[in-house]
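For reference, the structures are reproduced in the following blocks.
First chain A sits with chain B, and in the next complex the same chain sits with chain C.
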Partner chain A sequence: MVVQTPNGFELDNSGKRIVVDPVTRIEGHMRCEVNVDENGVIRNAVSTGTMWRGLEVILKGRDPRDAWAFTERICGVCTGTHALTSVRSVEDALGIQIPDNANSIRNLMQLALQIHDHIVHFYHLHALDWVNPVNALRADPKATSELQQMVSPSHPLSSPGYFRDVQNRLKQFVESGQLGLFKNGYWDNPAYKLPPEADLMATTHYLEALDLQKEIVKVHTIFGGKNPHPNWLVGGVPCPINVHSTGAVGAINMERLNLVQSIIQQGLEFNRNVYIPDVIAIGGFYRNWLYGGGLSSQACLAYGDIPEHPNDFSPEQLHLPRGAIISGNLNEVHDVDPRDPEQVQEFVDHSWYTYGEPGKGLHPWDGVTEAKYELGPNAKGTRTNIEELDEAAKYSWIKAPRWKGHAMEVGPLARYIVGYAKGHEDIKSQVDGLLRTMDLPFEAVFSTLGRTAARALESEYCSRLQQHFMDKLIANIRNGDESTANVEKWDPSTWPKEAKGVGMTEAPRGALGHWIKIKDGRIENYQCVVPTTWNGSPRDTAGNIGAFEASLMNTPMERPEEPVEILRTLHSFDPCLACSTHVMSPEGEEMATVKVR
Partner chain B sequence: MTRVLVLGIGNVLWADEGFGVRCVERLCERWRFGPEVTVLDGGTQGLYLLPFLEEADILVVFDAVDYGLEPGMLKIVEDAEVPQFMGAKKMSLHQTGFQEVISTATLMGYCPGRLILIGCQPEELEDYGGGLRAPVAAQIDPAICIALEMLAREGVCAEPGPGDTSMLADRAILRSAYEEGRPSEDEACRTGDDRFFPAEG
Partner chain C sequence: MSQIETFYDVMRRQGITRRSFMKYCSLTAAALGLAPSFVPKIAHAMETKPRTPVIWVHGLECTCCSESFIRSAHPLAKDVVLSMISLDYDDTLMAAAGHQAEAALQETIEKYKGNYILAVEGNPPLNEDGMFCIVGGKPFVEQLRHAAKDAKAIISWGACASYGCVQAAKPNPTRATPVHKVITDKPIIKVPGCPPIAEVMTGVITYMLTFDRLPELDRQGRPAMFYGQRIHDKCYRRPHFDAGQFVEQWDDENARKGYCLYKMGCKGPTTYNACSTVRWNEGVSFPIQSGHGCIGCSEDGFWDQGTFYDRVTDLTQFGVESNADRIGATAAGVVGAGVAAHAAISALKSAQRKSQTKNEDA
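On to the complex of A and B.
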């Protein structure tokens, strides 16, 4: 059957059905089904979150000042972003103004998370979709060294001996049978295009990135008191500043600030000398593989983040841009108001929830999370063992959020397209520079590789922003301002009887919002609309497909039974199903089970 | 000096999945170590835990592990068996994450030489927002006893008294606050779908 979606895709589910479950190397649990035509081209795509999420309901009745500690536990990668979003929502509801230092410190932490996530995502989750570490064993270290010096003359680690050592280490690791990290790849699939030298160079950087990521997160330990679960505080940040102390427990002193400064510098150098050059080099070998654009060329959404001044979320004061693009019109960027009941709404006609009546959309403040698990008439298998979903009915635990009725892409690419369209100077010069270097037209950004490249550029931009806020923090401290928290409204007796607020951030993987309603000092309603809910959403009432589904459309597969191309494109979104659903793989399976029907 | 990392892993939001985190919480209530021992709530974090592994010679992990035993039974796995165990099916829910951490530390050449996994068979995992079930909660103290004995054999001893809680969970989600502040079942649906609740389907 062929269906035309309102957002411009032609879906044909008559071809062979391929089921990938679970989609691997992501946080959480996800399943994907596609139909391919006789040439192996994807003509229908169905993406589903297979687990129930219920964080909202367990927050009911809790102290709003504690919500961050719960939301920090939703998943294993977005801890700090959820905590930040949560404290912002409470501050918004209660009208709490945070000090300037708290704003700088929060930005430094949020940017550290952004950079950490982008680097780890590229090297440790996504690179294996493009890079073949097993092939790296066949590389000539000398030729690898030459390639390295050509790609990035400023990177000091480039001698033939260095690459030979890494290759030997890799060989030992593989021969010890502990392939662990690299097992279950489709390493002989022709979809891998790199020569062995590029594979060795990228695999070497995989190791360098492992060392670096340990440093980056120290920013959280320093400002959050500890890691992996840093402390947060409604009203500011929980770390006192005392530059005259030499080691009072937890206080920020000059020694710690110097450490932060050196970490910022290391991150900046890695982004410039390793990450971006790698994306350009690897991308060069895949320059004809410009699939996966999906919704990016027509509908992008960003809430914006990294406010220059505390509590000021007006678009012109945000370093990461805010705005919405619809119908592919880059000449008009709409402002986004998370309070407007007509803008952000969640639909559940194709989700395993119910609002009591069909076709209804709810703004998050009025959000309802009531489960209703039922399979459509054309589903195959049983309720406990689904062989094939019926996407015409309910088919996912993810709700379908829409902006003014439009399915939107969120994430680094959406942020960069919104920024580019708004004429954001830093973003525009980065994007134009990259396209010039790679000799590609602007339209090339609407692709899987565009998403991957936007993440690398953003990581570098975030390093520069870190420097900006570090300078600001130091200048403030020099001027005698050591304030980090405002506790005037800490006591619930100072709160109104009822209040509601919204917290917004740009998580590494996209726009994140927490909507809270407070009554009598307790949480009455709490709704998180997370990035992967936007990107991984199922169809809505009108039949619009979501960003994951759209991105898979019309992609040719080398071998339909080896879903390299599907994984490549889905990974490019850095999906986090743990947040949008939850953290479990029932059988603990690592390998995607692929069934061709 | 032998450096020790005592790690509780798991997600406290998923009933018995919180076993490991609750063990380290209790350990610090009752016992104090010297500076060579770090007691850490690792949650479901993956690569974030690497720096801690790098600085340890002995790693003790508390976790809820599905060994296919009776609920509440403890099982201890050591050294070379640990990664292999964590690679089995139906083990701890975030095992791919932690298994990868061990694998990565090995690749980088700094995996602790001595590994001890103290696992407890969970009774209930499918209760989002829930707390520990009785048979699992009852094993917290015995699990700690085992850990203390094994550490003593390595020459690492604890003294009675509250220990360093700075690397543990925020007080809002410590066990008593978490379990007492829980909304009723009517208010907060705690079930998943039939694939994970075949008995109810």
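On to the complex of A and C.
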């Protein structure tokens, strides 16, 4: 059957059905089904979130000052970003102004997350879609060394001996017969295009990045005490500053600041000397594989983040841009208002929830959800052994959020397209520079590769922003301001009887919003609309497909039974399923009574 | 199995000298808190053992345990994965997906029957026929039972697998259930925390590989070597607690002097973990050192003990030292240290604590 979606895709489910479950190298649990035509081209795509935890139900009735800790546990990969969004929502509801230093420290932490997450995503979750570590065994270490010095003259780890050592280690690993994580990979699939030397270089950097990532997060450890899941505070940050006096070992002192500075430098060097050169080098071999654009050329959404000044979220004060692009018109960037009941709405016609009334969309402050797990009439298998889903019915634990009715892509590529369209100088110069280096037209950004490249560019930009806020923090301390928390409204007796607020951030994966209602000092309602809910959304009432589904459309597969291309494109979004599928309602306590039907 | 190489083989072949190898063994011993006399034992184990197969499955979780694991500094995560264990199934990191991933799981179970370690991150939800967490079209709990059947031992990573964690907080809408309540016929090592400390995770694995036995466990099933003492016992701010010097409000003068966070709700006095000794991220800091109280994330049901900013008891009623001792008795009772009197004190104190909290709220 052929169906035309309102957002411009022709879905044909008549061809062979391919099921990928579990989709691996993501956070959480996800399933994907596609139909391929006789040439192995994807003509229909179905993406399914396969987990649900119900955190908002759990939040009801709790102390709003604790909400950051609960919501932080939505995701341990983008750790901290939910906590930041949460404290912002509470501060917005109660009118709490945080000090300047707290803004700088929060930004340093949020930027550390962006950099860490982007690097780990590229090397440890995404690289194996492009890089073949088994093929690296055939590389000439000397030629690899030359390649390394050509693509990145500043990277010190580049000698033939270095690459020979790594290759030997890899060889022994493979020859041991215990292939571990590489077991059953698709290593003879022609979708892998790199020469052995590039495979060896990238595999080596997989290991270097594994060592480096544990350094980047120490910014969280310094200011938040641990990573994953550092500590946050409504009203500011929990770490006091004491650079001059007695007791400085219990606070942010000169030694701590020096440690932060050295970590920023390490991140910046890795981004410049390894990450971006790798993306250019690997991308160069795949420059003709420009599939996977999906919604990016028509509908992108970003809330913006990294405020220059505390408590000021106006778009011109945000270093990561805010805006919405629809209908592919980059000449007009719309502002985004998360409080407007007409802008952000969630639909559940194809999700395992019910609003009691079909076709309805609800703003998060008014969200109602009741879980309703049921397979459609054309699904194959049983209720607890799904062989094929029926996408005409309900088929995912993810809801379908829409912006003014449009399915949107969020994430690094969306941020960069919005930024480019708004004339954001840093973003524009990075994008133009990369396209020039790779000799590609602007349209090439609307692709899987574009998504992967935007993430690398953003990682480098975030390193520079870290330096900016580090300098700002030091300047402020030098001016005599050591304040890190505003405690005027710490005591719930100072709060109004009822309040509601919104917190917004740009998580590594995209636009993240928390909506809170407070009553009598307790959480009355809490809703999160998270990046992977946007990107991984199922069809909506009107039949629009979401960003994951759109991005898979019309991609040719070398061997349909080996899902390399599907993984490559899905991974380019950095899916985070624990985030996307926890969403629950103000009527959520109903859930506790939902039983086996 | 004879062609399977040992850690030592792997390390030698990658150019590591005997001297560096021995240094590595002493670092491992240090990480485990062992005397130098254990170094030759570790070295011997590493020279003779093939890499142990590990199957790492994921239920309802947030992946913070995996993230923590890759932060390990000694040993480095890459050395664990390349040279110490054979991570044959881990849906977060493995190259294969879908059918090929499921085949890797099945092959490992069959080939290493009774000899692999099952690491569980997250927990199975039991409501809705288990379909709140689906893997390969089926409930996760089925995958868990299947993989557990032929496992040598199970490691329950983190608060989710050990106790239920955030999704099991009241009212636990999915009926998220800790591993030991679903799998009852296998040795289970609980490594709680949200997440556990990286070096504690790799320390537990390395211990099992090195000494070829399970670590000594406390009554709750946690390795005694890392969970035997309270954070408060070894906290560097303990002298301020003893001297009655407390942070009274966020960012006050006392906070800047690094005084005790007890009055800000610190759960260090009732939390058993290695945070104040091993610390986090290569020893850089731990929550108290960075100005926030411990939230008790390695304790059972820590989400449902009232707000994180409530004091664990009322200091004004008792002298500081006597109060601290009573808290100690409470905590020992909570973890079931085995003395009936402790449990009785625990129940009493717990009731007192509840009524005090209520009074403060009112």
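Throughout what follows, the second predicted complex is superposed on the first by the 571 of 597 C-alpha atoms of A that agree within 3 Å, B and C clash if a C-alpha of one lies under 4 Å from a C-alpha of the other, contacts with A are read in each partner's own complex, and residues count from 1 in each chain.
Definition applied: a residue touches a chain if its C-beta (ideal position, glycine included) is under 8 Å from a C-beta of that chain, and two chains touch if they have at least 3 such contacts.
Here the structure is a predicted model, which is why all the values come from computation and not from measurement.
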(message) Looking at the superposed three-chain arrangement on chain A, would you call chain B and chain C a clash or a fit?
(response) clash
(request) With the two complexes superposed on chain A, say which partner A:Ala475 touches: chain B (first), chain C (second), both, or neither. (result) neither
(message) Let me test your reading of the model: by the given contact rule, A:Glu387 touches which partner, first (chain B), second (chain C), both or neither?
(response) second
(request) Give one of first, second, both or neither to describe whether A:Met150 is in contact with chain B, with chain C, with both, or with none. (result) neither
(request) Decide which partner touches more residues of chain A, taking chain B and chain C as the two options. (result) C
(request) Kindly classify A:Asn231 by the partners it touches after superposition: chain B alone (first), chain C alone (second), both, or neither? (result) both
(message) Applying the document's definition of touch, where does A:Val2 land relative to chain B and chain C: first, second, both, or neither?
(response) neither
(message) Touch test for A:Val20: chain B only (first), chain C only (second), both, or neither?
(response) second
(request) Could you say whether A:Cys239 touches chain B, chain C, both of them, or neither, answering first, second, both or neither? (result) second
(request) For A:Glu370, select first, second, both or neither according to whether it touches chain B, chain C, the two together, or no partner. (result) first
(request) Among 62-70, 98-106, 242-250 or 314-322, indicate the stretch of chain C whose C-alpha atoms run into chain B. (result) 62-70
(request) Residue by residue on chain A, keep only those touching chain B in one complex and chain C in the other, then list them. (result) 50-55, 57-58, 62-63, 66, 69-70, 73-77, 79, 120, 124, 169, 173, 178, 180-181, 207, 210-211, 213-214, 217-218, 225-229, 231, 371, 373, 383-386, 397, 578, 584, 588-589
(message) Could you list, by residue number, the parts of chain B that touch chain A in their complex?
(response) 11-14, 41-51, 54, 83, 87-91, 93-97, 99-100, 103-104, 106-109, 125, 128-129, 166-167, 169-170, 172-173, 181-183, 187-196, 198, 201
(request) Report the residues of chain A in contact with chain B in the complex, numbered from low to high. (result) 50-55, 57-58, 60-63, 66, 69-70, 72-77, 79, 120, 124, 169, 173, 178, 180-181, 207, 210-211, 213-214, 217-218, 225-229, 231, 352, 369-371, 373, 383-386, 397, 578, 582-590
(request) Could you pull out which chain C residues touch chain A in their complex? (result) 3-5, 9-10, 13-15, 50-51, 53, 58, 60-68, 70-73, 76-78, 81-82, 85-104, 107, 125, 127-140, 142, 165-167, 169-174, 176, 194-195, 198, 237, 249-251, 255-259, 275, 280-282, 284-292, 295, 297, 303, 307-309
(message) List the residues on chain A that touch chain C in their complex, please.
(response) 19-29, 31, 50-55, 57-58, 62-63, 65-66, 69-70, 73-77, 79, 120, 124-125, 128, 165, 168-169, 172-173, 176-186, 207, 210-211, 213-214, 217-218, 220-231, 233, 235-242, 245-251, 259, 371, 373, 381, 383-387, 397, 482-485, 487, 490, 561-563, 567, 578, 584, 588-589, 591-592, 594-596
